[in-house]
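Please see the structure below; I have some questions.
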Amino acid sequence: MSAVTRKNRDGRKRARLISGKAGSLLRIVFSLAITFFGLLLVTFLIGRVLPIDPVLAAVGDRAPQDVYDRVREEMGLNLPLWQQFFIYISNVVQGDFGQSVLTANPVIEDIKRVFPATLELATLATFIGVVLGIPAGVFAAINKGKWPDHVVRVIGLAGYSMPIFWLGLMGLLVFYMKLDWVAGPGRLDAFYIDFIEPTTGLMLIDTLIEGDMDLFWNAVSHIILPASILAYFSLAYIARMTRSFMLEQLSQEYILTARVKGISEHRIIWRHALGNVMVPLVTVIALSYANLLEGSVLTEIIFAWPGLGLYITNSLLNADMNAVLGGTVVVGAVFIGVNMLSDVLYRLLDPRARR
Amino acid sequence: MSNDPLLNVKNLKVTFNTPKGEVNAVRGVSFSLGRERLGIVGESGSGKSQTGRAILGLTAANGRITADELKFHDVDLANLTPKQWRKVRGARISMIMQDPKYSLNPVMTIGDQIIEAYREHHKVNAREARHRAIDMLEAVKIRDPERVFNSYPHEVSGGMGQRVMIAMMLIPEPELIIADEPTSALDVTVQLQVMAILDDLVRDRGMALIFISHDLHLVSSFCDRVLVMYQGHVVEELAASALHEAKHPYTKGLLNCLPKMDGDQSDLPILEREASWAEG
Amino acid sequence: MRKLIAGLVMGTALATMPLAAQAETPKNALVMAFAIDDIITLDPAQIFEFSGAEYAGNTYDRLIGFDNDDVSKIHGVIAESWDVSEDGKTFTFKIRDGIKFASGNDLTAEDAAFSLQRVILLDQSPAFILGQFGFTPENVKDKIRAVDDSTLVMEVDKPYAPSFVLYCLTAGVGAVVDKEEVLAHEVDGDLGHEWLKTNYAGSGPFKLNKWTAGESLSLTANDDYWDGAPEMKRVIIRNVKEAAAQQLLLQKGDIDIARNLEADQLAAVKDDTNIKLLSKGKGALWYLGLSQKNEYLSNPKVREALKYLVDYKGISETILAGRSQIHQGFLPEGFLGAYNENPYSLDIEKAKSLLAEAGLADGFSITMDTRNTTSIMAMAQSIQATWAQAGINLEIIPGDGKQTLTKYRARQHDIYIGRWGPDYQDPHTNASTFAWNPDNSDDATAKPLAWRNAWDAGDLTAQTDAATLERDDAKRAAMYVDLQKKVLADGPFVIMFQETEIASMRGNVNNFVLGPSFDNNYYRFVTKD
Amino acid sequence: MNTQTTISKPGLKQWLTSDTPRSRLQAKCGRAWLGWIKFTENKLAMIGLSIVIGLILVTIFAPLLAPYDPLAADLANRIQPPGADHWFGTDQLGRDILSRLIYGAQYTLLIVGLVAITAAPLGLLVGTAAGFFGGWVDATLMRITDIFLAFPKLILALAFVSALGPGLENAILAIAITAWPPYARIARAETITVRKSDFIEAARLQGTSNMGLIIGHIMPMCMSSLVVRVTLDMAGMILIAAGLGFLGLGAQPPMPEWGAMVSDGRQFLLEQWWVATVPGIAIFVVSLGFNLLGDGLRDVLDPRGGD
């Protein structure tokens, strides 16, 4: 079996693992249900073995014992584990993810608020990563072994090796503090915070809907640094994968065929080779996008970015398990959703995968 | 056999740098080619394919080509810029590759790939190009050219794929076609059909052909002249009609390798090799 | 290709450049960075967190208050005046006229009575502050009642020291809510609790504009405030956890006040001429809790030795630089009866001889549960280093706040390094946790700090109770001094520092007020140049 | 290389590069030799290798290299700038940063080492079993793998660290728990491609048990891509450990773990930048080293590339 077909097969298999064998819808739904059930069960169990008392988040350290006991009972924590889980699952099936102790809001409401923040950041970061990463990877591949290759490689590997929290702080120090190019932590200047009513929750879009260009540019100036820093990591990954896929494609016979036809090198690389590179690359981009969508906790902490990662982490450290479980469902859904999307794109890009 | 020399090759050498050291794939091959059909025969590793690729300047990056002379008409193939090469490749010299499974771009439709080959060298509009491509698919005896035109390579059989390959390589009407094992990836039953199609087209359009193969008999039945290569050298050159006159023991060995249906040999002969043959 | 990349890089850079233009915050708005993610509710009957208390302090009025600079001076707020009956069991408050809630409703004694009753009826975490005077859900409607629109009567069960009762009413649970508004949002008899968790029904100088948990809190001025409208029309508090990030925002002028700078950021902004610092001693104490379940720590000699083994001066001057003062009594300075002598200092030889007397000349190994924040971790490591000099091998077990706390509350620690803030301004709040432990068994119903450290406080429990009934302030103070000395000598606590809160602000911000507790940090007087 | 010349002057290279090896050993050595040659040609990979070797040497000789006791606090001399006494300055407790860095190397090595030897075999076992047996075994194991894969890594690690209690060992375990699913995927994919091979059939016909087949024949086939992947992941493991340290849930103080050191230093990054920057750079250099090494190894062992 040739390398190329083997890789494609692997990629497809990967996509299929999530979406279930191309078969009955029922089967897909069933396997999704199992995955979600597993996710919830594992999260639930983690929550219950955490040596953190969930009641503390609700009543604080200094509540008298009787208040503590009553709240504990209200939270259902005195029931046997299986019963707690059963109650939780049956609520979830009815679309009720419960209330967060920390925010006093329904978990669904919280997620509607924090997920768009992460979505916006992840999407912009992935966009930058793709726009810069693919050309960089191609550029490296066609100059294999020469200095541009080394430069791209080292820059890429550096991206893999950089502690992100450190890079984030340095970024703030240089671009915000010293150079004054971008705005600081947060999604908007603090003063603007309640000028905007969330419609989509995506600040860049909401500000445009309001038609307030000052606010829009303010949002841009806030998102650009964290997005660029996250983009660096996805850029590193995408460039590196592009390079290696590209090298592999460039050694394929059809490239030779194209050369024999007298086609320009430009077209060979960008049309022929890249057309094939995109097939496995879609999975790579999807994976990196999914990772970002899960919320980059450290970046969110440093940039005071109220996203999903921060929300789950915070809830976890307070044993606010409804919030953690809800967040985990979102993460799982995102993971599965992005994989399905990449499966669809895969089929669009690779005629061999179409039926 | 026409005598005006289309291609002149003198002392062609192809050397590769590998972790094991230098490997000499082609070690001084010389021949000249008119508007004829030349066969190059040898085992794998004999340098026959590298000879073909060297003519198109498509030796891999770690390889080096040297030659006393490497001329196509009056074009010095040894010293072409990438831009000049693109005027030669496809338009004047083309090559048919071994396995359509790998040599066709899997994510482009067959039609697009053929049109691309044509339009690279002919300034025509899209409709005209499409028209030509369909004609060409018909010319390689594809029954439903419209469907094949819109198909992807994986959707057609190996034999069909190779016909597509032929159509694609012949459509810009090159003067010289190099066919590198064009049928060895195909089922035996379709091998001859494909060869016949290629042969007809080459004949009709007055193209020259270099047919590279390991199969001496096949080569001899489609070619005028045969070069036998062994370890980068041409060990013997003979007219296709005079195979039986082969003198070199290697050539004889190749001939005997094929079991004859009417033969009375009880054992298959083993191909003999001697180090001295490689000295050239 | 190269052009393309260069173009994109340039494009990105150019696109961001003009964004830099940075306006100062508006003159009539106060923008603050503050770690407010501890807020879990906005209902004053439930609020028991630092930032929540600050919110309530600025948005709700209480019956009475005290002077930030001299807490012994209690003054009326909503109550114009009050009387205490002869037997000390009936408090009568005269409610000020003409106060309106943000809703426009008039504030009457009925609202005040309802608010106090509500605290007892909802029985949330801080309810005990009132509950300790004998109020129960069953009797509270009789014991606290409005006689008429301007008279509130409150009957307590014992002749407590009046200062004790009054100080408790200055706490957050004393906030007066708009009865009509709250009951309009009542669901299933919850007295509007679910609604008030995220909404507002008060009469304070500021009203709630919007609270986004974990993100921001914004307030708008109450222009009709009876005691003068605030100059700041908006107050925006952005939740920023990282001290370094707060420093950046402050130095850039994106915010007016940074609330959580730590020692090193403070040292850095000190030299910035655009920034000034405001500090105020708070009630919170830093201490080590020594579990008496541990065989070494239950030895009084060891406890004493450990009190000699903290580099009080070094930690205070470097790690906590400016944010604390050395304080070893369990009542913070400023409280009635606070004992401000600090008998212990780092003395390794003394500690060694005490350990030798305890038969532990070779030292021992022990663990300490430690919150993983910068200052606590640094303190713990300093302690680790000094203890090592006396042969004690201290293993630090880091954990997140709730995690270490869970272990501490379950009495599973050896040593816990913690911070304790008083719940209200009366000395009983700390005495009842450091020196009071009626039942030292594992399943006790009252679980003060003494219980958490499995310390049988003996006679001190009774003395603490007695102090609440002493109606002479001077005598009462003396009783607390005595209690503190006893805890200091024998107790399972190495009390080290009293916290100082520092607000770092831009030079043009004036009259920001820090009080002894977060309830008394006021925004209403702020002006900007 | 001088050992080789002394062993057999004339023939070692020929022996290694022979086209017709006479024994399995010779063939293996020959392949290894070619790989090594290819590897040494890759300058970046050699840099990576030197960094990793450097890390190992620093770990071994830490007591000789470190100028100070890495744990000795000296509050009077806290956050000193780099200078003659303290090349990289001192931290918030006045400890010598260089010495802490040198002693910290062993924790970094320990983290990557232990994660690699826990996560890789676990992934290998799950993946080969799933791929080999197929059917419901495959479905079950892969579903479990998916579930773990669908968790955000750092959060999963965080949850496990919280559940297990803090400390280096638990951090390592938590990272291992998050690290194995991709290995299972790789091993499964490899297993599926080889399980129908003739040589597996041949071994089966000779009566080799399933367990024997998996351990003796299939696992070795998965090794090279797994080794490459693990090496490349080591950088990520260092970063996750550092992330846990940054969140205060990694190594226990006063252990000079680099991530915790960055976290300690981040409070004064703006003025006393070296406190966080020096260990930050150390993390960066070492993970870069592992990345370069892994990249080079992949070129040699797994020329197909890919992720």
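Think of it as A, B, C and D in the order they're written, each chain with its own count starting at 1.
Here, contacts are C-beta pairs under 8 Å (C-beta built on N, C-alpha and C of every residue); 3 or more make two chains touch, one makes a residue touch a chain.
Small disclaimer: the values here were computed from a predicted structure and weren't measured.
Asks: Which chains does chain C share as contact partners with chain D?
Replies: Per touch definition, common to chain C and chain D: A.
Asks: If every chain is reduced to the average of its C-alpha atoms, which one ends up farthest from chain B?
Replies: Following the centroid criterion, the farthest chain would be C.
Asks: Weigh A-D against A-C on C-beta contact pairs and write down the one with more.
Replies: Counting C-beta pairs in contact, A-C comes out ahead.
Asks: Using CA atoms only, can you tell me which chain is the most central one in this structure?
Replies: Closest to the centre of all protein C-alpha atoms: chain A.
Asks: Measuring centre to centre with CA averages, how many angstrom lie between chain A and chain D?
Replies: 24
Asks: Rounded to a whole Å, what is the gap between the Cα centroids of chain B and chain C?
Replies: The separation of the two C-alpha centroids amounts to 87 Å.
Asks: Rounded to a whole Å, what is the gap between the Cα centroids of chain A and chain C?
Replies: 38
Asks: So how far apart, in whole Å, are chain A and chain B when each is placed at the average of its C-alpha atoms?
Replies: A distance of 50 Å separates the two centres.
Asks: Going by the contact rule already set, what residues in chain C reach two or more other chains?
Replies: Answer for chain C, listing residues that touch two or more other chains: 242, 244, 248, 400, 403.
Asks: Do you know which chain A residues sit against two or more other chains?
Replies: Residues 50-52, 169, 173, 177, 317 of chain A each touch two or more of the other chains.
Asks: Out of chain D, which residues touch more than one other chain, so two or more?
Replies: In chain D, 162, 165, 247, 266, 269-270 touch at least two other chains.
Asks: Show me the residue ranges of chain A that touch chain D in the complex, using the header's touch definition.
Replies: Residues in contact with chain D: 1, 3, 6-7, 10, 13-14, 17-18, 31, 34-35, 38-39, 42-43, 46, 49-52, 150, 153-154, 157-158, 160-166, 169-170, 173, 177, 241, 244-245, 247-248, 280, 284, 291, 294-295, 297-298, 309, 312-313, 316-317, 328, 331-332, 335-336.
Asks: Given the complex with chain C, which residues does chain A contribute to the contact?
Replies: Chain A reaches chain C through residues 50-53, 56-67, 70, 100-105, 110, 113, 128, 131-132, 135-136, 138-139, 169, 172-173, 176-177, 179-186, 189-191, 193-194, 217-218, 220-221, 224, 228, 301-304, 306, 310-311, 314, 317-319.
Asks: Over in the complex, which chain D residues touch chain A? Could you list them?
Replies: 44, 142-144, 146-152, 154-155, 158-160, 162-163, 165, 185, 189, 192-193, 235-236, 239, 242-243, 246-247, 259, 262-263, 266, 269-270, 273, 276-277, 280, 283-285, 287-288, 290-292, 295, 304-307
Asks: What residues on chain B touch chain A, complex-wise?
Replies: Against chain A, the touching part of chain B is residues 56, 58, 82, 85-91, 94-95, 97-99, 102-109, 116-117, 120-121, 152, 154-155, 165, 168-169, 172.
Asks: Considering the complex alone, what residue numbers of chain D touch chain C?
Replies: 71-73, 75-76, 78-79, 92-93, 162, 165-167, 247-249, 252-254, 264, 266-272
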